[in-house]
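In the two assemblies presented below, chain A is common to both, partnered first by chain B and then by chain C.
Right, the complex of A and B next:
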């Protein structure tokens, strides 16, 4: 696969690593009991601890620890029995303590990996360096008053998991697939709601470029990207920027960059010299976090089937392609829907590929068009199963089935009801089909002549005419067979 | 000055020899007479009377009902402002009550006021307070003496009999040293015995609440009241708190006392060495085995302490930034300026000095050489004690290298000031319990203190040894 980008002078390769910040799905914050509900009125979810009042002390929320361990397991990672919370010291108005409690030397989760799947059926592992727990900061609101900044501490202290990848990513698409995969795993595990718009999942992107085979170049870090689209845009822009500098003989400064979503450009926020000295040291208010093997085992056993396991199951059990299976398992609701559909009738497991297609193309496009998602789909898995059953038993044609699905979608009726009410059953009576074909042949003598003279393509015309007369209900295979038979007889 | 005691007062209240109101009016009177000592940062007679009214209407039996207690102004209290003796918290009124003070309130005690201290407990003379010096009640007319620090206000409050007990905090000696200077009893329990919840933090891994009192029995009663597990403090210990007072036993026959040779420091005044020897002799007479022990890393304790404590302080005090509460400078044109001016104007010299030291030792490139190394030495110091306690039941040393010094001495020499903690800091680094009791006088008739150190959570042994020495001294 060619992942290189062309510069003016030669080809370049991108080297990309991601730091994903995933908000832990938990009712209360990492070190306090305040609510984590999104969108509440400013400063309505702030405890004395979150506001860093004098003498207030953090107490670890065990549930958040479990969520991190669960996530570590989902990332095929090493869970560390011993980890330490450190203070990362810096001043900012929305950082009430003057430090963020994070994990520095001893993270709760160590090396792991996730697999991304390409359309061509190949896949690639992206290695994870670590996952650690940390507090989120509050929010500075600069746009409420011309001369003042307001601070909202609702988010202050909310638990984040920072998931750091090795620089194994080589293209913007891979970056997108990687974050989608992480998101998918988190949502399967129910450890993060995956809502990128609300900021529950955001990423810092480290990127450098090099000539293929060279050492890593100097990298820049683009901060706080909260959509896959922006991640790709930012990477593309930043790579081009770096290549232009290098090709004109310059060198890259190690900078922290911000991405402007309206211009699509990155700009430096601070350089290496201005970088903070965070003065990390173990937080003396907290004991080291120790998790026993038993506790880890207990958490492991509570973990549901994850996308990769399901993917393997789908390819083996239903002989689906790797790519189909990965599309199906990308979101839990999709694989759940697929499972329910295919299990609604014992026969359906022989038509798995058809089931996949009907879910991922027909149903998805209807849902999209109507701004709905699978969770509130008007067509239940059982009903979709019934529809597919009607197709597989030749009771209706695929083409008619599309209309039936639309009807099901808007009316909420079952496929059976619609087919019966509208009389959409396929015509499979040989005599009836032959009669229609005779009619078509009789009405189009010129076309018949041309066909017999060798214009094979006209067969489609005859099929179309016959279908029209049967209102699309004729069994296509029978129609084809009988048509050919009759035309050939004329010869 | 009548020698009062908590134990006797509780009896007198019980037998209705005096009423709660009479008792407190007596103390109020003395507090007002001694305003010149500058013991309190916050004192309000109205507040005391209000508490009195409430208690008189309360029929439930409470262990410390009506007992006047002074609170170091580092403990957050709902009914009184809390300043940490700093301008940066000059007008701070907590909406919450610290664990320790809540326990005392639950027992029915009356808070007479918030006592002076070194700013954020950083100092050894109660002379870095934004609210001025506290004067040692034992001062002669023309020579004001320092009460020690940082809990100098609380020590002085007990010494001047302005309360029947006081809370303090001890990070490197801030209870024991002022107790010694003021001739009262001061106990710093094992790290983790009393919750730190609601105490403005100085150095989290060292800070520990404790008690000042007139005598060891009183200290044993009061410590029991403030000790206990608190789930809001992750470093709080889940241990059973014995009834120290009921279990007091001055019979030390068969016990072994450790005498660390490293505490004989060149330049220690004769009188200090003398009381130490006297104490050992008394113990010997009581059938205590004398064991010479070695705590070889003692000499590294002070430098270790003055790396770890400022490092933690530099981070703990970052929250005082002018954003959320407390003092904010008027001269601000940018966020950075708000921080700079607020903290430059809000903190005093000693606090700024320690923030700078702490920031330095945690900086990239210096962390390993200072902070990390200090943590390793701290471990060695703790190991010294663990080893020593295999051979002895408790350790006896002097509390401080001198008696109370004149107020203005050592003002401009931080190193000299830091040396005050030389005998108290090692036990702080090891998290061990330590008590200081008055034992002997210097040539100017000023009290000197003996320090007794015990094993982790063996406060009972510390009290037993202390009460035994105290009784023999009297």
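Right, the complex of A and C next:
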């Protein structure tokens, strides 16, 4: 695979690392009992701790710690028995404490890795440096008033897991696949709701470019991207910007950038004079966090089947391709749906590939068209299973099955009901099909002549005519076979 | 380590405190004498000793994940110099 981008002078390689911020799916905040609910009225979920009133002390949320450990296990990472909360000091209007409680030298989770799967069947490991727990900041609205910034502290203090990758990513697509994979793991574990639109999952992207084989170049960091599309756009723009500077003889200044989603451009966030000096030090309000082996063991044993395990199970049990299996396991609701469908009838496990296709192409496109989700699909897994059974036993043709599925989708009826009511059973009676073919041949003597003179393409015409007469119900394979036989006999 | 004029200005800026020349001089003197005093600790050999982040031997207390349902808006905004429709209003912060 060629991952290089063409410059004016030579080829360049991107070197990309991601810092993903995932909000822990918890009821209350990391160090206070305020609610974490999204979309409530401004400043309605702010305790005196979150507002940093003097004398308030943080008390850690046990559940959030467990979710971080759980996520660490899901990322195949080392869980640290001992970790420390530090203060990261900076001054900003949506940070009332004047510091963010984070973890610096001793994070709760150490090195791990995740695997991404390519369409061509190959895969790649992206190494994780660490995962640490920290507080989210409040939200600032800058564009409501020319001279004021409005601040809502509801998000202030919500638990975040920051997941830092090694710079192992080489293309915008890989970056997208990596964050999708992390999102998928988080959602299987149910430790983060994965909602990028609401900001529950967002990423900072570190990117530099180099000539292949060279040392890493100077990197820039693009802050706070909340969609996979924007991540790819921002990387493409920033790589191009850096290459242009380097090729015209300049050098890259290490900088923090913001991505403007309407122009598709990056720009520096702050200038050098104000470069941050975070003055990390251990938070004197919090003792070190210690987790026993027993606690870690207990959390490990509570972990559900993760996408990679399921993927292996699907490729082994059902002989699916690596890519099919990874599409199926990317979202928990999809793999659940597949499992329920294929288990609805013992015969179906022999038609796994057909089941995959009906879910990921036919059903998905209907759901998309109707703006619906697999979770509330009008077609239940059992009913889809029944439909596929009707196809696999040749009772209806694949073509008719598509119409049946649409009907099932809008009417809520079962495949069986629709097929019976409309009389859609495939015609598999040799005699009946032969009779129709005779009719078609008799009605089109000229076409027959042309066909016999070598115009093979006309076969499709005869098939079409015969199908029309049977209202699409003739078994296509039988129709084809008998048609060829009869035409060749004419020769 | 010695505190000089540059360092004191940097600390003042990071702390959002305005110091005049007289105050700066005073703080340089004060901070240096504190540092000198602490520096005596360098006489102790701390090789192979892990830094101690807390002297308490108790373990970190944890709470259950229960949220309270009180609406804090009014109380939280009570001391705000400026507010609008439930938001704090602050001088424009442009990054």
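What we mean here is this: the second predicted complex is superposed on the first by the 484 of 491 C-alpha atoms of A that agree within 3 Å, B and C clash if a C-alpha of one lies under 4 Å from a C-alpha of the other, contacts with A are read in each partner's own complex, and residues count from 1 in each chain.
By definition in this document, contacts are C-beta pairs under 8 Å (C-beta built on N, C-alpha and C of every residue); 3 or more make two chains touch, one makes a residue touch a chain.
On a predicted model such as this, the values are computed, not experimentally measured, just so you know.
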Where does A:277 make contact in the superposed view: on chain B (first), on chain C (second), on both, or on neither?
both
Between chain B (first) and chain C (second), which does A:286 come into contact with in this model arrangement: first, second, both, or neither?
both
After lining up the shared chain so the two structures overlap, which partner does A:151 touch, if you call chain B first and chain C second: first, second, both or neither?
both
Could you say whether A:465 touches chain B, chain C, both of them, or neither, answering first, second, both or neither?
neither
Which of chain B and chain C A:99 touches, first, second, both or neither
first
Using the touch definition from the top, say if A:91 reaches chain B (first), chain C (second), both or neither.
both
Chain B or chain C: which reaches more residues on chain A?
C
Should A:83 be classified as contacting the first partner (chain B), the second (chain C), both, or neither?
neither
In the superposed arrangement, which partner chain does A:58 touch: chain B (first), chain C (second), both, or neither?
first
Touching chain B in one complex and chain C in the other: list those residues of chain A.
51, 59-60, 89, 91-93, 149, 151, 277, 279, 284, 286-287
Can you name the residues of chain C that touch chain A in the complex?
10, 14, 16, 53-54, 56, 58-69, 71-73, 76-77, 82, 84-95
Which of the residues in chain B come into contact with chain A in the complex?
75-76, 82, 84, 89, 92, 94-96, 98, 196-201, 203-205, 231-235, 311-312, 314-315, 317-319, 321, 323-325, 335, 339, 359, 362-364, 367, 371
Of all residues in chain A, those that touch chain C in their complex:
26-28, 33-36, 41-47, 51, 59-65, 84, 89, 91-93, 140-142, 145-153, 258, 269-270, 277, 279, 282, 284, 286-290
Okay, in this complex, where on chain A does chain B touch?
48, 51-60, 87, 89, 91-93, 96-99, 149, 151, 277, 279-281, 284-287
